[in-house]
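First up is the structure itself, then whatever we jot down about it.
Chain IDs A, B, C and D follow the sequence of writing; residue 1 opens each chain.
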Amino acid sequence: MQQFIPQNPDFEQMIVEKMKENHFLNHLGFKTSSIQAGLIEGSLKIEEYHKQQVGFLHGGVTATLVDLVAGYACFTLVQKEQLVVTAEMKISYLNPGLGSIAYCKGYVIKAGQKLYFAEAEIFTENNNNLTLIAKGSGTYMVM
Amino acid sequence: MQQFIPQNPDFEQMIVEKMKENHFLNHLGFKTSSIQAGLIEGSLKIEEYHKQQVGFLHGGVTATLVDLVAGYACFTLVQKEQLVVTAEMKISYLNPGLGSIAYCKGYVIKAGQKLYFAEAEIFTENNNNLTLIAKGSGTYMVM
Amino acid sequence: MQQFIPQNPDFEQMIVEKMKENHFLNHLGFKTSSIQAGLIEGSLKIEEYHKQQVGFLHGGVTATLVDLVAGYACFTLVQKEQLVVTAEMKISYLNPGLGSIAYCKGYVIKAGQKLYFAEAEIFTENNNNLTLIAKGSGTYMVM
Amino acid sequence: MQQFIPQNPDFEQMIVEKMKENHFLNHLGFKTSSIQAGLIEGSLKIEEYHKQQVGFLHGGVTATLVDLVAGYACFTLVQKEQLVVTAEMKISYLNPGLGSIAYCKGYVIKAGQKLYFAEAEIFTENNNNLTLIAKGSGTYMVM
């Protein structure tokens, strides 16, 4: 994992506050466990309403988790007055989302002046096994 | 829009029933307005909890809408006993998701034997104007 | 197809000149047939060296064609002193690249201040039939 | 990097032979340096004709390198009589392709029964520094 130097020394507090105001994040129940420069980790307790018809985690929830951790990972690196918006993201669904908790890691792979690139990995825990269920990559614009 | 010949004559009823069992679809409040061979249209009344911190539709909700309409569009074309799973999808976020209703269209662009390719367009209505806020493309595997 | 207003009245001449200096474009033998605001069309006579081991057009050539027509379509819309660079692109391979000519169309779907989004369609001609072999989408940054 | 068990014990020889017949690979001058189960490494000496108008490696060449190493990485894992075709790929262009040699690594991240997922990293060497210029991800269908 690459080392990044944050431009905003208070980035951790800023992320915590931004997340408090993010309605959909809070509605789903996403919890952050680690906020570092260029890296966000967190988890989601999987409820019945997060699932699709077969009982797996819905791909839309997985996509949301990718967007949350990859996007906020970029957010840790911008200047105080800057914002980050998602230009695009791709999610590869590697395995069915089976389990009771989803663990999520988002990390920046390139921090440019105007564009950031980040990736995300989503795992589910099932019978004490962690399975990588999705890998995501996104492009983020600094505003 | 390409014309497709459905392999399951009861595809419309099948989609309606599959959607009834899709927990996350129903939790979000997605409503289908049209089910045709290779095409799904629908809408979402945008609630406060669907938004991110700036008040726009959350990118994860938009991604979910892409997955729903593109995935079910593929589902209209498979045989009775077959399923469709998302292999991957990409979403380009063209404009901020501002408005009170999201309109969604998903359509198949290639129906192969094992793989389907579909696209989706997500619009929001704001002051009687429709804006294309996102375009998606996905790969779907027939099982 | 959306209508765009070019910021550089001499965009056609500018594209012609940029293409003359593009080594890989000329090496492959790509020929432009139409340069409009937000739209590029062209073709490639498929030679033996453009193919992979099974005799189809190589996916890398197809990706190159996507990048050329989608990227130059964005280029038609920027100001005189501006450049466009590809941030990312995705190519869906819908059908095998069988035939003697590839026809290519790239078009802008959103022209923002800093970011452009464009798509491309690649067809091959085989026995007087045109087949859509690939669909691409990309994000382009104005510099 | 995950460990994979090849289904074809002669996969290395098979890859060497498939590559000999790949016209575009040989035309560009790609050289393989390592063939392992689920992993391909190689390089390209960057010539003038590989470049775009500004003198950087053309994004189409980069996309081709992604497709080559990610696709052949999947190919190492299939059964003797099976083939692999690219369903889709995405390339993120992180840095300008400046330098005289491109180093390429492709690796499988999930080997399913019908679908494989792989990623690729493309570096260029410039003044003894290696720069990650592109990251790719693709979906590959076993036939």
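Quick note on the criterion: a residue touches a chain if its C-beta (ideal position, glycine included) is under 8 Å from a C-beta of that chain, and two chains touch if they have at least 3 such contacts.
None of the values given here were measured: they were computed from a predicted structure.
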| item | value |
| --- | --- |
| Chain pair, C-D or A-C, that carries the greater number of C-beta contacts | C-D |
| Geometric centre distance via CA averages, chain D-chain C, whole Å | 22 |
| Cα-centroid distance, chain A relative to chain C, in whole angstrom | 33 |
| Contacts with two or more other chains, residues of chain C listed in rising order | 87-88, 90, 92, 117, 139 |
| Graph class of chain-chain contacts, one of line, ring, star, complete, other | complete |
| Touching residues (chain side chain B, partner chain A) in the complex | 18-19, 21-25, 27-28, 48-54, 58-61, 63-65, 67-68, 71, 83, 85-93, 96 |
| Footprint of chain A on chain C - complex, ascending | 87-88, 90, 114-115, 117, 139, 141 |
| Chain D residues touching chain A - in the complex, by the definition given at the top | 90, 92, 94-95, 109-110, 117, 119, 132, 135, 137, 139 |
